[in-house]
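Two complexes are shown next, each including chain A; its partner changes from chain B in the first to chain C in the second.
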Partner chain A sequence: MASRVLPRPPAFRSVGRSVLLTLPMALWALLMFTPSFRQPGRNSHIGALLVILFMTALFFLMMRTGKTYRWRRYFFVALGLLFPVGFIASLVAVRGTMSIPIERMVSGDTPFCYMVIPMLILPAAVTRTIIFPGSILPTASNPHSIAIMIGLWLALTLVVGKAWCSYICFFGGIEEGFAALPKRMKIRKLDPRLRLVPWAILLFVVVLSAALFEPVYCMWLCPFKTVTEYPAVHSVQTAIQMGIFITLFGGLVVVLPYLTRKRTQCAFFCPFGAFQSLFNKINLFEIRFDREKCVDCTLCQTACPTMALSAESIREGKTLLNCMKCGACVDSCKKSAAVWHLKGTKVALKPERARLLFLYGAWAMATMFGGSILANSISTIIGFLPLR
Partner chain B sequence: MAVTASDTRAAVRSAAMAAPSLSTSAVEALMLGLATGPICLASCGPVVLPWMLVQPQGVRSHARQLSIFLSGRLAGYLVFATVVWLAGIALAGAGNARFWIMGGVQVLLAVGLLIYAAAWPHARCGFVRSKNNLVQIGTTSSAPPQSRPTGAIALGFLTGINLCPPFLVAGVRAAQLPTLAAALLFFAVFFVGTAVWFMPFLSLGVVRRTPSFMTVARMAAVLLACWYGFTGGSLLIEKAIYG
Partner chain C sequence: MRARILAILAYIGAAVTLLIAACVPFVLMGVFSNAVAHAGLHMDPSYSGGTIVRTVAHGRYQTDVYAPVRPRALQQVHAFVQVAFRPVSALPRHVSEEIDLDGDGQPDVRVSFTVPTGPHARPIGEVVALNAKYQSFTMPGNYSFSEMMVQSGGAVVVRVPLR
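Our next item is the complex of A and B:
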């Protein structure tokens, strides 16, 4: 009996064209990691080489298949999982522990995290004070200085806008990994009001940080303290803080993403994500819906990991402000109604060109920022392996 | 011979610097208020901001609500001025009483913010809450706005007696003044100096109000209530256990 073989869907692009389009990114990756090959030690060479191959291969697959979300996710989950490995290893190597002793805070040795940025603005504007126990300029003991991190954040944000949350943020990958594990959603109904919670938390932390002169989010609410660094537990207060960090991490980064297949921490909690949404207003790239093709099947709404689509927004042909341009809606749309769009041009007019322009910027930034983290973590892991 | 409270007060006042004239102390209070206003703003801001954000759009309505809030705050100041003058500097300076008051006020602020976040939108200023739909807080009503200033007055009063550092400095100074009237005047002028810093809140009146915006403000109020409840509660518990 002849078996029915379904025809294989045609590739989005030919191999030759895909290679040609991938070439600039391959060269960019080589350029970014050339310094790693000048460093002594085999581990950093292997790490850099693997990352160059990994990032180039994923970009090639994006070009070849026309899918964005699927391939980006491999990079992003790898980033989320490997970042803590490299970071914790370097903490342990430098201080012997993940906790921050109070004397290191006082001496300004705390590595700066971009999550603090929204909380810095008010105190800096009113009193010209930076409410973070780090150093403005890099030092030998703390290369992650405030000036470098803010400069980097600003440059990357101008290029990618809110896409920071899906191409650069090393925290989001952890929950994206957990969200990718189940085949079906265990919890389907999510209250749309939850989308507003990050804005409320942003307002809360910004106002309270100005009042207390300390980064309230980092002190009390950051779930990722669990897998990075945390204040040394030496009192009831620090024990409560640690309890909050672990509870939030377990709930928002592990359990809820697994149950909902959404990035629940990013969508329903992260104040930095809300702050970053504001930059979607000035960023050139966005996702739009071709209303002539859209059949309101809501597949895109189901696919969106941050609930950045509502029935009303789709009817208007737009996403909500918190869209992080991961491309899940575009990949899921069977009618090609969800398209990449360059502001100022007609919707659905050469959407692939808009996608390419966006991806070149976003992937270049991802390679530069996330890629270096990956390379560092890989070389750390190789260092732990009992190899000769 | 037994030493009475009034003797102690007299001794404290005589030990203090020579009593300044009314105009000198008024200028001093104004300068103190203006100089320490940002700290007052920082400590009252978490309460004022969400409150102002849920007011209907318009600078006029904001001016009205801010006036009511500041009136409550002035009342708190004057009550505090009276108490510190009668009790001498003990209340302002003594650690234990201060912590009990701060803890209690913070718990009350938490309760106030929670009540306002939960109950405020039922019927107020042209907004009528639609049931079981928090995002759609309000549908505009043609009914005239109902004036219910108790929330603003209560929150203003509670922030008025919240013992922030500049407030304590003013309290110590007022306690050294020779008459109650002078202490009240000192605090009234100090209030004027700090109130200037609250004027930027009026600019929130031009921000466009949407149901989502109002919901965010209410959620922030709940979070701030949790914060005040936690800090106030832990302060009270700490004092109860360790004294």
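Our next item is the complex of A and C:
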């Protein structure tokens, strides 16, 4: 019996056009990492070169295949896995430990993390006080100052909005990696009310932080303390804090993503993600559904890593407010009903144009921010290798 | 017609977003960071120790006495006064000093410690209250934001809890 060879699906775009569309991104990556080549040190050169190639290759594949989520995920998981390597290595080099001794807090040497930002707003507005043990201006021992990091967050948020959670956040990739491991979901039914929990946590930590004058989320609830830095364990309280961090990390970042194939920490816990969702209102890019093509198969709902779709929202042709524009729904839709959309234009009229406009901005920011973290981590890892 | 105008505005907006993206590393990040740096914000005194109210010079080193820091709202930190001996490199091997914390001309505490030799080492010593307003303690002990004797920022920082 003659075997029947199925035709390969046509590529989304020709190689030539894909290369042309990738060229600006390749030049951007070169521009971003040129300073690394001016610095001495072979390791940082290799790190920068690898990141330029990696980011450019992924963007080319996005252009060539028309898929966004699939290729973005490689970058995002790499970022999530490599960020702790570079960060922990720098902590150990500077202070000899991952824990934050009290003297580093007093001298303002704690690196600032964007997760704190929602908790800073009320105390800063009312008392002009920053309730974080960092420094406002960069110092020799703490270049990640509060002013620099808030400035960076403001600038990036203007461009990407809630897409921060899928192109910028160096924590989300860890759970995205664990969510990608199993072939099938082990837990299929998730209560849709769970997606309200981050809003409740946001409200809770913002109010409590303003009352207690301390960043409550960082002190008690951040799962990522486990892989970054944590208060030195010297009392029952700090031991309890450490226990909470490890439990939340194990549950929300490792086990539940593996069982559900969702980013459970982002979808059901992260207050910064909820805060960032507010910027979806002002960002010009979104995902919409062409109701004429949609057959309500719910493939998009299953694919969405943060449960940002409901049956009602799809019927209305929209995503929910917590959509982080990762593109999983668009990639999964077999009817091309899920489309990238530029607000103010007709839905599904020029979806690829909207995707390109969005991706240029988002990928440029990802290359600038995440790319530099990747390059630094790669250079650190090469430094550990027994090479001559 | 309205739809057309909206679409034109949308594409202008998208172009502006791309322009902003191109400006982020070169201009925008710096502009926003400067704006935050000059917004008149300051660190919470429970971390920074507050403001220096008096400095006593001892030749090669000096003792800075800070204003008392009291908890705000439901803040968990005890009230304290910070004293800093700096620079560490100029301190004698052993320091023992009676310090006037409240500015009334009378010593309130006697701070004694052995200066740490390594950059990450902690001083060993004690604070003896000479005024009932302050609490005595010895170090190493229970380090907290209101009770500590540590080496930080090129100084030996001592926080004396208020009763």
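In the analysis below, the second predicted complex is superposed on the first by the 387 of 388 C-alpha atoms of A that agree within 3 Å, B and C clash if a C-alpha of one lies under 4 Å from a C-alpha of the other, contacts with A are read in each partner's own complex, and residues count from 1 in each chain.
Rule of thumb we're sticking to: a residue touches a chain if its C-beta (ideal position, glycine included) is under 8 Å from a C-beta of that chain, and two chains touch if they have at least 3 such contacts.
Only a predicted model underlies this, so the values are computations on that prediction, with no experimental measurement involved.
Contacts of A:L158 after superposition: chain C is touched, whereas chain B is not reached. When the two structures are aligned on the shared chain, A:G243 is found in touch with neither chain B nor chain C. When the shared chain is aligned, no partner comes close enough to touch A:P35: not chain B, not chain C. In the superposed pair of complexes, A:W199 makes contact with chain B only, with no contact to chain C. In the superposition on chain A, A:A210 contacts both chain B and chain C.
In the superposed model, A:P143 lies in contact with neither chain B nor chain C.
Once the two complexes are laid over each other on the shared chain, residue contacts for A:P182 go to neither chain B nor chain C. More residues of chain A lie in touch with C than with the remaining chain of the pair chain B and chain C. Of the two partner chains placed by superposition, chain B and chain C are both touched by A:T127. Residues 127, 210-211, 213 of chain A are contacted both by chain B in one complex and by chain C in the other. Across the complex, chain A meets chain B through its residues 126-127, 192-193, 196-197, 199-201, 203-204, 207-208, 210-211, 213, 237. Residue ranges on chain B touching chain A, taken from their complex, read 38, 42-43, 45-46, 49-50, 134-135, 212, 215-220, 222-224, 227, 234.
Residues of chain A touching chain C in their complex: 32, 95-96, 101-108, 123-124, 127-137, 146-148, 150-152, 154-156, 158-159, 210-214, 234-235, 284-285, 342-346, 354, 357, 360-361, 364-365, 368. The touching residues of chain C, counted against chain A in their complex, run 3, 6-7, 9-11, 13-14, 17-18, 20-22, 24-25, 28-37, 39-44, 46-49, 71-77, 120, 122, 142-145, 148, 150-153, 157.
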